[in-house]
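Could you have a look at this structure, given as structure tokens, before my questions?
Just so it is clear, A, B, C and D label the chains in written order, and each chain counts residues from 1 on its own.
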């Protein structure tokens, strides 16, 4: 319900949110009623004049919204109250046509179909943004294919990777979600009071159903789905998966933006700064993505719970869906906008990435060095040697490379160039470049270009 | 975020919701700033004229809300944007006073305190309604202390209880929640940038803190709690507990309102009816309570998750709290209103309750009868006799009492009056009356009267 | 963690659960190590003798499980502790081979891959059962294509459907889940310490990766996915969707099994009965499905939350996945078993279904009758007439048909046969048969036969 | 259900878990039956010999657990199956006494009471540990009252605090949870089939109920609570609150343990290390606390959802409680153990804390310095001066203090000692010491000492 409007530009995207505006919802409900009437008139079930009257008279601009809101409480949903106003409008215009609005349909037919009209718009909006994000990330990944940074596991420095690889990982998570979003189905609902549509033969029903679906650009389901919410939970879980990946990439960025890490920052004048604390650069957009990300899994769970309906129309779990789906869409769309802004203002600091790799005075290369030395010295000798040097390095702050360079076993068996090679970051990136390339190729395969 | 306003009178209570209106939020934020200034001026920390200017100039009516909304996005919360406008207002009015607004405070001080002002109002509103509900339920329980109905376990008929006992159970669940709500604490927040308030000695700080708390009618905490959200999760879990009990009583009522059960109905003209399906009487209010009840536990979980903050101000989990707490309050308050309406229109059908007890032709008394007969016949004989009679009753539809009355073992050992007594519902209610009485006494103890 | 074993046969399926037994988990971990060694030896990276030694020595039977459990705590996962024992085993057997186990890999490679081996088995087990369930439901739907029952919305009687249509609805929800389950991917994990596998060229890596995937019958991913949990959340949400549909059909059945409804029962001797309460027939299996269904959405949410990982290996969210995924699988599999048993013992009572349709004395046909009469009487007259008759029927208990038959307007315009037709259940089933047929055809399309 | 035992020492505490062992559960169930018989025999309701026989014969050691497990599935819970074995045991021992076990009670009476016996033990275990933790934290807080570290908001450096204050914050969150845990109630359940206990007068019932409660060291409830789960949700939410605070302190520690931050480390030989990556020191215990912390809120939500029961015994939501409560307890207890280990091995690095404060070359003091200078220079001049110096410091790396020392406006108005004072960390700790002191005093008030 109406959150304080003050949060509008924090968690959300204003343009996206308008898809769910009250007038858009009424438009979508009336679109269902109009298309139903048109399809029914096309096969002679209702007069063409009635369909025409419904199209002309039942316009969202004519609806008294305050009255609609108040009267919604009587029927437990908006539809009965809306039909009441439509009927009055039709009675003004043309005698008789009011009999033919919502003919044979039930409230849930209109409400579910209208929701699908809105959900489809919303999903397309998000997926368009997602495509742009993936393409933008791909550019960044390509640009940073050779930018070394430290890989971290459990927030401890582990071994070097590239920033390109990190970004490629994000993309790798997002592509299947893009494909899932892209293959979502948005079925029309057309079942009548108990989902078995009465008063028509099968052929007439199928003709009407196909026509309504086509004209609303929705999918035609196998049968009415009042109590089978597969399409809804499919949408909800897909949004949940999307946000998980958005939260993941945001978490990485914010950890990299820590004052003491400083590997990235956001060049976003006027945002996140503090006049009194000049060192402050709060990652505002990212913070808000994480905030949204906390809420989303719980909303997905709510929708999954709602799907365990009872009989032919669910006792509350249908109603709970409405706002939760809307929240789910709005928070995800808001996060898409926030991530987009984050990426637009992202400044990468390769120097700090490199400096952080060197933070441990070479200890992050210890295993590589040990393995290299083992070839000539044997595994056990190599291990002893490295272990001792590591301990010395930690207590003295002298780099591991320098310490090893001073050991006779090393000088006897290896050259200083060997040492130089082992401790060269470039030689310690494994298949970072290869994996990044695979992901970039996949982006091209999926999106062309 | 702004849900379609069309749901306003469905899931929510319009009056309650206004506690969270944008202007109320701004009022609460400004109240913090004013009381802080007044307290600081009282000990000479800032000029009294500055406090006066802040009180005069920083009024919610002077705030440009659209600008506030847009600029909130820059700082990641409303406060910096609000202070910007306050500063401009103060600069107009009196030179210098603008230096003293929000003196020493941080955004979270104002935002958390303002939230507590709103939460306290909201909690009191709900608890007032809860008290009324408990008293109303107590009246109903008293009225139905002697109204037998069948007790049901796993939706199967079990043995008789009274409707009074069922209601007493609801009350028994609600009273401790009322007491928990009543003992909630709503602490002021006053910590400065990192929760250690700089620039004041301890005594001066404590004086200011006590004064702000007192003037805002909030509690004074032991210390700032930016990153310790105990008060928040205490509120959230208490609301969650309240709704669990509301959902429980609603579930019972709706199950009793099933067409084939018919033990209660809602006499709510114009609500839940259907012009075309005259037998329909949808329990609209109850449906919406159940809808809210599906969402609430997930919102409580979200708040619990948010409480695992990081360092001195949380990375998103603070922000996620804002709307989720508001939703939690609004849905719970909405359900309070809906339950109140349900109870106001509740019609009890003792005849149908009695008829349902008789539904099984006396089989629900079989164990009582068996135990009674066992005294004279022995446990095994009694069991055999009853079991056979039960089987016959189920296949023939003849009542168990009639069948037993025809058995020689019964006639030899018992009188027809014995049988009559065993099958008398009044004799099969156990301690229903006693337990109901204990609960009614508890209501008096807690609420007086 | 070890739940009381007493719940084993309640919520779970014992056979299924064994997929996750400790020895199965160790087997799966060792299978990864063996296949990795074999693939590495095939391209000459490690000696063939080492691979052979690993295969021979690293058997689950040789592992000291108590020691493994204790030592797991040191590394924070089982793998390091397992490798310690493997190394000792290899040291016993053959000199040198112990250097080559887990060569280049990281703990997460083995643990994720082993999990996928188990998840794949588990998913196939469930989907096999799901196929059987769908086929069994299809048989039932076919058998009850012409069995009328009342449709219920909001637990109020609405209008008639067939039991076949209700079952067809269940199937319609389950088929897309079956297809989703069927297309799940179970990728091998092979990334090394930070997901960029060091020490190999790309071609060698891809050869090894393909070989390990193939020999373990897993999928080869585009790249390592330590921190991109798309495959995991895809599995989790699919299980969540499946359980939603299981809970839905169970809810319907249990509501139909209410004492006063009695449309179905479970003929399951020894189950759910009560020696002392002979009328009792608790739907034990269904109760347990609903219990599992309460837990599942929360587990799915947990997994979605876990997917927001940090950097190259997640701080706890990876670890939280392990038991939650296992719970999710076990509860879903348990419910599959329970639903299977429910269906096996399901007894349908068409007589009670018919009796319940007649419960309202014909009022459920009022809209049909009104529409039929409107043709000749006009909408308004028809409505008035029916409305009055309905009110009379409710207060007197006389059937609507009888009351209407006595009205002069009816006798003048219609025949008694007309009335008979309007109130004939068979004429009030709408497209129940058609929609059921579409679903049965879909079952054939998907499963053949 | 039985998780792989391999996780036993990861997420859990083995000693604690034994509270929930199968034999403990059977003991608790039998304890209920014994105390019920003893109380009933004391008022002459059943023979004393029967009570004696029940006490002698119904011992957990005599129960065939595999049979119990299998037969539990028939009744949908363990109790009927257990009574079957008890009856057989009693039949062996003494004729007639088997009639008197579980006399008048229902399965849920025994199962809920037994659960409360286990929950009380579990809660006391946890709260004992919690007390120890708070005392240990208090010692640490006292020891670090004067240890400065940087305060961080949104993972950005903000201004200095002390490590003592950070710890005091943790304590401040934990104390109210300790008090909540301490005041939890664990009521006996004694309601009979439908919660109205039949066959006894009120006084006799109350005598029995009081006696059973007293002998089992449980609380006596106002009335039976089969369908009012207030006690359960109170326990669950309290555990949820506790874990939120454990997760919070763990998050702080792990962030401080990051390689580049290095303010604390864990001196836990053999734990979290890596032979090949000598710089690695994974905070294993903390990782596992965070893993548990992800799961807990979802479990609390599940329990809240379960509390919306139906009628006199809940359809699945009662059953879902059993394992979820157990998980909730076990994960929380496990985390208590893990946090205890973390604290035992915690090594604090005050030098690194100090070094990190200096990370920004003095910029974290900019606002303090600006305020101090404003006294003489005016707010605007001071701001301009500091702002410029900050920009120069960031680009040159020269410290803010040095830069300001070189400015004529400073030299004219202030001494070098002034500058020294402003940039002295000790002078920038605000009320850190005061707030820490308040918390330490509170610890003494609550725990004595």
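Everything below uses one rule, namely that contacts are C-beta pairs under 8 Å (C-beta built on N, C-alpha and C of every residue); 3 or more make two chains touch, one makes a residue touch a chain.
Not measured: the values here are computed from a predicted model.
With contact taken as defined at the outset, chain A and chain B are each touched by C, D.
In this structure, the chain pairs A-C and C-D differ in their number of contacting C-beta pairs, and the larger number is found at A-C.
Averaging C-alpha coordinates per chain places the centre of chain C 33 Å away from that of chain D.
The distance from the centre of chain A to the centre of chain C, each centre being the mean of the chain's C-alpha atoms, comes to 25 Å.
Across the assembly, chain D contributes 152-155, 158-159, 193, 254-255, 277, 282, 287, 293, 298, 301-302, 305, 315 as residues in contact with two or more other chains.
Within the complex formed with chain D, the chain C residues making contact are 1-12, 17, 20-22, 25-26, 65, 68-70, 72-78, 193, 254, 270-272, 277, 282, 284, 286-295, 298-299, 301-302, 305-306, 315-320, 322-324, 326-327, 330, 334. Those residues of chain D that touch chain A in the shared complex are 152-159, 254-255, 257-261, 275-283, 287, 298, 301, 305, 356, 359-360, 363-364, 366-367, 370, 383, 386-387, 390-391, 394. Per the touch definition, chain C reaches chain A in the complex via residues 99, 151-155, 158-162, 165-166, 168-170, 172-173, 176-177, 192-200, 202, 205, 222-225, 227-230, 233-234, 237, 240-241, 244-245, 247-248, 251-252, 255, 293, 296-298, 300-302, 304-305, 307-313, 315, 368, 371, 379, 428-432, 434-435, 438-439, 442.
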